[in-house]
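Report on the structure given below.
Each chain gets a letter, A, B and C, in the order it is written, and its residues are counted from 1.
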Amino acid sequence: MTKITDYDGPVLEIDKLSISFFTRLREIPAVMDFSVAVQPGEAVGLVGESGCGKSTVALGVMQDLGVNGRIVGGSIKFKGRDMSEMTQEELRDIRGNEIAMIYQEPMASLNPAMKIGKQLMEVPMIHEGVSKEEAHARALEVVTDVKLPDPKRMLDSYPHQLSGGQQQRIVIALALMTKPSLLILDEPTTALDVTVEAAVVELVKDLGKKYGTSMLFISHNLGLVLETCDRLCVMYSGEAVERGSIEDVFDDMRHPYTQALFRSIPLPGADKNARPLVAIPGNFPLPHERPDGCNFGPRCNYYMEGRCDQGYIPMDEVEGNERHVSRCLRMTEIDWDAPPEVAAKAEKPAVGEVVLKMDHLKKYYEVAANALFGGGEKRVVKANETLSFEARESETLAIVGESGCGKSTFAKVLMGLETATDGKIMMGDEEIQDVAIQDRSTETISSVQMVFQNPFDTLNPSMTVGRQIIRALEVFGVGESDADRRQRMLKLLDLVKLPRAFADRMPRQLSGGQKQRVGIARAFAGDARIVVADEPVSALDVSVQAAVTDLLMEIQRENKTTLLFISHDLSIVRYLSDRVMVMYLGHVVELGTTDQVFAPPYHPYTEALLSAVPIADTSVEKEHIVLEGDIPSAMNPPPGCPFQTRCRWKDKVAGGLCEQKVPPVRTLEDKHQIKCHLSEEVLASMTPVIKIAAE
Amino acid sequence: MGLFILRRVAVMLLTALCLTFIVFTLTNLEPNLEKLAKTQGNMRMTDEQVETWLSNRGYRDNLLSKYGQWLGVVPGYVITGTDGELRGKCIRPGMEASGAPRFCGVVQGDWGWSTRFREEVGSIIAKRLGATGWLMLAVMCVMVPGALIIGVLAGMREGSRLDRGLSTVSILTTATPEYVSGVIFIALLASTKYGLSPLLAEWGMIEGKSLFKGTATSAMKDITFANFTLPVLTIALYGMGYIARMTRASMTEVMTAQYIRTARLKGVSFQNIVMKHALRNALIAPFTVIMLQFPWLLNGVVIVETLFNYKGFGWTLVEAAGNNDIEMLLGVSVVSVFVVLVTQLISDIGYVYLNPRIRIS
Amino acid sequence: MEPLTWTGNLSFLNLPLQTAAILFFILALLQILAGFVPQRGSTIYHDSTVAGGPGLHGWSARLTLWSFYLVLLICAAFLVLGMLMGTSGGIIGAVSRQFVPVWVALAITFFLSLRYRRRLGLYGKLFDSTIGMVGFGLVMFWVFTAIFAGVFDMIYTHAPLEQASGMKNKLPGTPMNGAEAEDFQWYLFGGDNLARDVFSRMVVGSVTVILIAPLATIFAFMVGITLGLPAGYYGGRLDTVLSFSANLILAFPVILLFYLLVTPEIRESGLPNYMAVVLFVFPLIFLGVLINSRFHTQPQKNTLFLVLALGIGGWLYLTLVSDQSSVIRLLPSSLDFFNIPGGILVVFVSVVFVNSPTVFRIVRGLAMDIKTRDYVAAAQTRGEGPWYIMLWEILPNARGPLIVDFCLRIGYTTILLGTLGFFGLGLPPESPDWGTTINDGRKLLSIFPHPALAPALALLSLVLGLNLLADGLREESLKD
């Protein structure tokens, strides 16, 4: 089975594609009037929020829409051939051979009961009919290409024996086995940690160049698209709204949605008090509730009644640039360079006295080494190692780290769900490290509350929103009577800017952002003094993130709350925190004010983390630091410095000290703490990772 | 692995001890003993006669001591009865009292004496278990492949007509307990007056009067197609639907898994997706289910052996329970408990083998 | 009096029914066989939906469907015409006429449910699924039959214990020997080996099943939930002990357990009464904890509700367990209003005992899964008690699988009750319940199958209905 070779037009041409899903009640259009072309060797990004139809486009290209999905209009041409006219056999020849796909969940996309080698070898054996030996040799070669250690052993292992990052590399290898002409990547790094993500993105870029593969890169992350793609297409609610080269779209956007999107993400320079983010008002429309005319109309700043809400709006070329198109009627009327209307600047509130103090907090777990068969030796997992910091009234302290760094354990100990192994937690002048939650006074409990990460999991699905807030009030002993509590509940809904009618709704009737607001209302029910926010916006769509973040900030300003903001996203941390604490494998590796942490001298891990976070700004120049390997398991941490296995500065420390001793906490100027063996000179020689180019 | 099996065996022994003790307690309740005395002696015994009958035979010992005797960790009783006769637990009829051993319990390999069959419990169980073994074997041979094939065929294309048809069939069979399906089978296939047999006989397609036999007593000596089909089918059918539905559920789940989509988009043909990618993953759950079916099968065996009058293990259980044959019942419960526990052990080990995610390091 | 034939004056429908049925059978078989042959030309998605016009395949599929509808239509005609014609419509007509109250009740139920299904939550959604509707119909048929027969003495034609001379083992439709003018003139499904009317026994037998099976299942759920939630939520030693006990009971072959528990001797020893004392207390505990965990923040309301619930529940409990004629006499006879007959009690208790470990295991598994959710963590961080979390945060969100299992378990309990009857355990030997009747009929099975077939088919249809209902519920609850 050979490939189609003698063709030099665009690899993929999608023309006015419409895809609908059919349910018993109605037809739900998922993609409407979507066009894009991918040239050979080109990488095209497809950006949009969840539910905008970007993954549906990918599956449409693969002709794999399931029972209910159907292409209702337009055409998809692969190397000039219409894919909808192909037979099953022809499609099978193309899948995996000419077009390959990489998915979001690497673990789920590998067969758990098949050895990796076999899964890899299958591809060339099907498509090129090669022998087992040749396929094996090929597999070995590709696994080496994706920079996996010990390729031979890799081929002989099962997927579950690999870490998440390694699995994703295997999925990439799987896609590259037959050197396809087109690679579709559907959110390939969303499930990975930031530093691992950076390495995978780097790999995909390199291999794309090496194999000359065209790419369709689907993501919700503008920064990632900037780093990987040549052109991009922005989607909103089933439609492409803007398409053009990266520079065109990022710097001269011609659609209000694109503009609003860029204004709502925290870029370097944004500041919660001086230059707050501009949230996009309203909510993403449900597929069957789309408005007439422009889908973005109801949320748009430039909306004009009578024009934007009528009829079909075509994609039009931007004047003077035929490769840049946008779906906006008022494209030529809007002054695109006008600065955003900034809401009244807020005063930076004065930081008050210390409300929370941790002193050498330690939390160790004992776990059985082998879960299924019990018994055997026990292992100690050091989830938190000598945590010391203090947090003041009205202060935002960000706790930054990737999975397994111990930030969730720390939250559990603070909340009283676990008791500390050693050390102290002082709340005011009360010691609470050994008091489990059932022994805490109502006052203590209500003054430390938490906002959870997953909006779909934070509310009890079988209780109305109002009832859940009232329950919190009841438990905290707020209010005299049922009527009183109901009043307070309605006020709390006002506080988080939700309509009062939501009180009687079930959580499933709410969107993710709305649920998260209810979660915030619930946390503030007992006038909490300390709120732990565990990645409160990371599961939300970009356009909603800003609104929820701003809401948190606003409530914090009014209530003088101490906010402990747990996150892995350095952009948002820089935007809203006063001080930052960086954690790695249970250790605090760096602690200081936001400015101190985001400027050299860095801890080597902070430096890598900063470099890994994609920034959606073309004027930012980043130094590329790619960390080797994955985060070690907390069950089995390396000896000495926890970061030594991936540190690029390790050779600057004499005598292999990093591998032997955990570094001491060193205080640099102005209470800036770093846990590192590096000498003062080396630290001082570090250069900033992020530079904003002079315009 | 060794440690794991050792622990499981220890748990098994503990379970068996608990269970036999419960059975022992229940069978030694006062009304049960009275019934035993009356069925063994005569129905018109007075209360005193019952009392002497029981105390002469060591039933008046305390419960723990009696249990200990049965286990063989306490010496068996030796009582010179009020009628002057010397009786002992270890003294079998026709045996000299002096030649009897001191301990005779399970530990010594002596399962006791059946008051109903007037024979050694051990030998009865061995014999009856052999008969039931054949039945079970035949059932397994019909049920497991049948169920797996139905389940996989139904589950590989969820919602298709084949799926709907097969699912309805499997629901129907799970809703038909053995005593219902057995009755229907006999009425339809084994009756000389009704159902298929008279028709077939009229057309000359069968030689005898009926297609199958409504009783399986003759299968004790000689298993034939005519006398063994209905009992086997009756048991197999009930279990088959259940396993088939489990397999189907597991198969549909696997078929919607992401890695099946990966395989499909790799260009693997549907046939190979089912055979190479889905099957092994889909069989993990049903395997456990099949193994855990054994206690259920035991149920079916009892019903079917009663219905078809096949004198196997289940029939023995019914007889023993009906006559409060204590040691026979204990033997039966030990065997059935071991069957249940051993299958659980096998299912655990098999699960580990089938599922590479759980490997003992 | 002439014996009734099966179809009487409706016999003109026989030939069409046979033809339609055979046609459907052949077509369905062909369909299934064709399913193995891959089709070329049209697009088949992985899940076998076929895009493209109705080719040969499509047409044969339609024909199958039509022939199936035809069979259904003729069957419906039999029932409707029979209802109008009564005994002149043969046995089918007479039976259909006897069931008129049930048909009316079913029609009303379906009409109302279909009309208001959008407002009825999960119950209403059941009517979106054909399988669920069929199952619901079958179950409700027997529920209504039991109600009309048990409460209003309707439907059945003769007293279930009444013996008529000369009716021993008579075939269905035999006119009754020496019937008085006001008596029903036929034995519709024939007579059994004691010359009793099989039809009436089948109808009256439904009362026992419909009464005991759901109630016993509810009690088993109460026990399973009250023990399973803490086992799953706390884990640790409590879980180990409870799980071991549950496995202990599960390792018992059910029949052996029944043979040990459900005997007159055991009943005499009072063991079932002691077990009832233990098992029946669980609903009380459940209710008490449910109220207390929810209202403990408002002491006044809490006391009021607790006193009300525990007062009424406690009194019910005491009258239930205490029985002047047995070992447990907790209440003076002046307050002890009703007793459960010993035979029923022992059956009830054993069935609850056998079912609860399985429910325990299911609830424990669900609790272990749901306790990792954020909303449980949220409840913990606001200092809720463990029982509030178990009963108000975990249990409501486990309801989907539990409702489905509940339906399946009623079916299983029905089978167990039948098993008990089949071995002649527990219920009195003359009891008309289905298991006992099958047991009676099996001795002469190959000569006179009808006395055993009628209850066998009745039991089969009820259990099938419950299974289909569970399937429909599962399908619909997964669609959310």
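The rule is short, and it goes like this: contacts are C-beta pairs under 8 Å (C-beta built on N, C-alpha and C of every residue); 3 or more make two chains touch, one makes a residue touch a chain.
Computed from a prediction, not measured in an experiment: that's the story for all the values here.
J.: Identify the chain pair with more contacting C-beta pairs: A-B or B-C.
T.: Result of the comparison of A-B and B-C: B-C.
J.: Looking at C-alpha means, what's the farthest chain from chain A?
T.: Looking at centroid distances, B is the chain farthest away.
J.: Taking the mean of the C-alpha atoms as each chain's centre, how many Å separate chain A from chain C?
T.: The mean C-alpha positions of chain A and chain C differ by 50 Å.
J.: What is the distance, in whole Å, between the centres of chain A and chain B, each centre taken as the mean of its C-alpha atoms?
T.: Between these chains, centre-to-centre, one finds 55 Å.
J.: Taking each chain's centre as its mean C-alpha position, how far apart are chain B and chain C in Å?
T.: Comparing mean C-alpha positions, chain C is 26 Å from chain B.
J.: In chain C, what residues contact two or more other chains?
T.: Where chain C meets two or more other chains at a single residue, that happens at 46-47, 49.
J.: Enumerate the residues of chain B that touch no fewer than two other chains.
T.: In chain B, residues 159, 264 touch at least two other chains, as defined above.
J.: Among all residues of chain A, which ones touch two or more of the remaining chains?
T.: Residue numbers touching two or more other chains: 64, 67.
J.: Please output the residues of chain A touching chain C within their complex, sorted ascending.
T.: Chain A reaches chain C through residues 24, 64-67, 70, 87-88, 415-417, 437-438, 440, 442, 445-446, 448-450, 452-454, 457-463, 472, 474-477, 508, 519, 522, 526.
J.: Quick one: in the complex, what on chain A touches chain B?
T.: 62, 64, 67, 92-97, 100-101, 103, 105, 108-114, 122-123, 126-127, 158, 160, 171, 174, 370, 372-376
J.: Considering only the defined contacts, which chain C positions touch chain B in the complex?
T.: Touch list, chain C to chain B: 28, 31-32, 35, 46-49, 61, 244, 247-248, 250-256, 259-261, 263-266, 268-269, 271, 411, 415, 418-419, 422-423, 435, 438-439, 441-442, 445-447, 449, 452-453, 456-457, 459-460, 463-464, 466-468, 471.
J.: So in the complex, the part of chain B that touches chain C is made up of which residues?
T.: For chain B paired with chain C, touching residues are 15, 18-19, 23, 26-27, 29-32, 34-35, 157-162, 165, 167, 171-172, 174-177, 179-180, 183-184, 186-187, 190-195, 210, 214, 255, 264, 270, 295, 298-299, 302-303, 306-307, 314, 317-318, 321-322, 324, 329, 332-333, 336-337, 340-341.
J.: Any idea which chain B residues touch chain A in the complex?
T.: Interface residues on chain B, with respect to chain A: 3-4, 7, 159, 257-259, 261-269, 276-277, 280-281, 284, 352, 354-358, 360-361.
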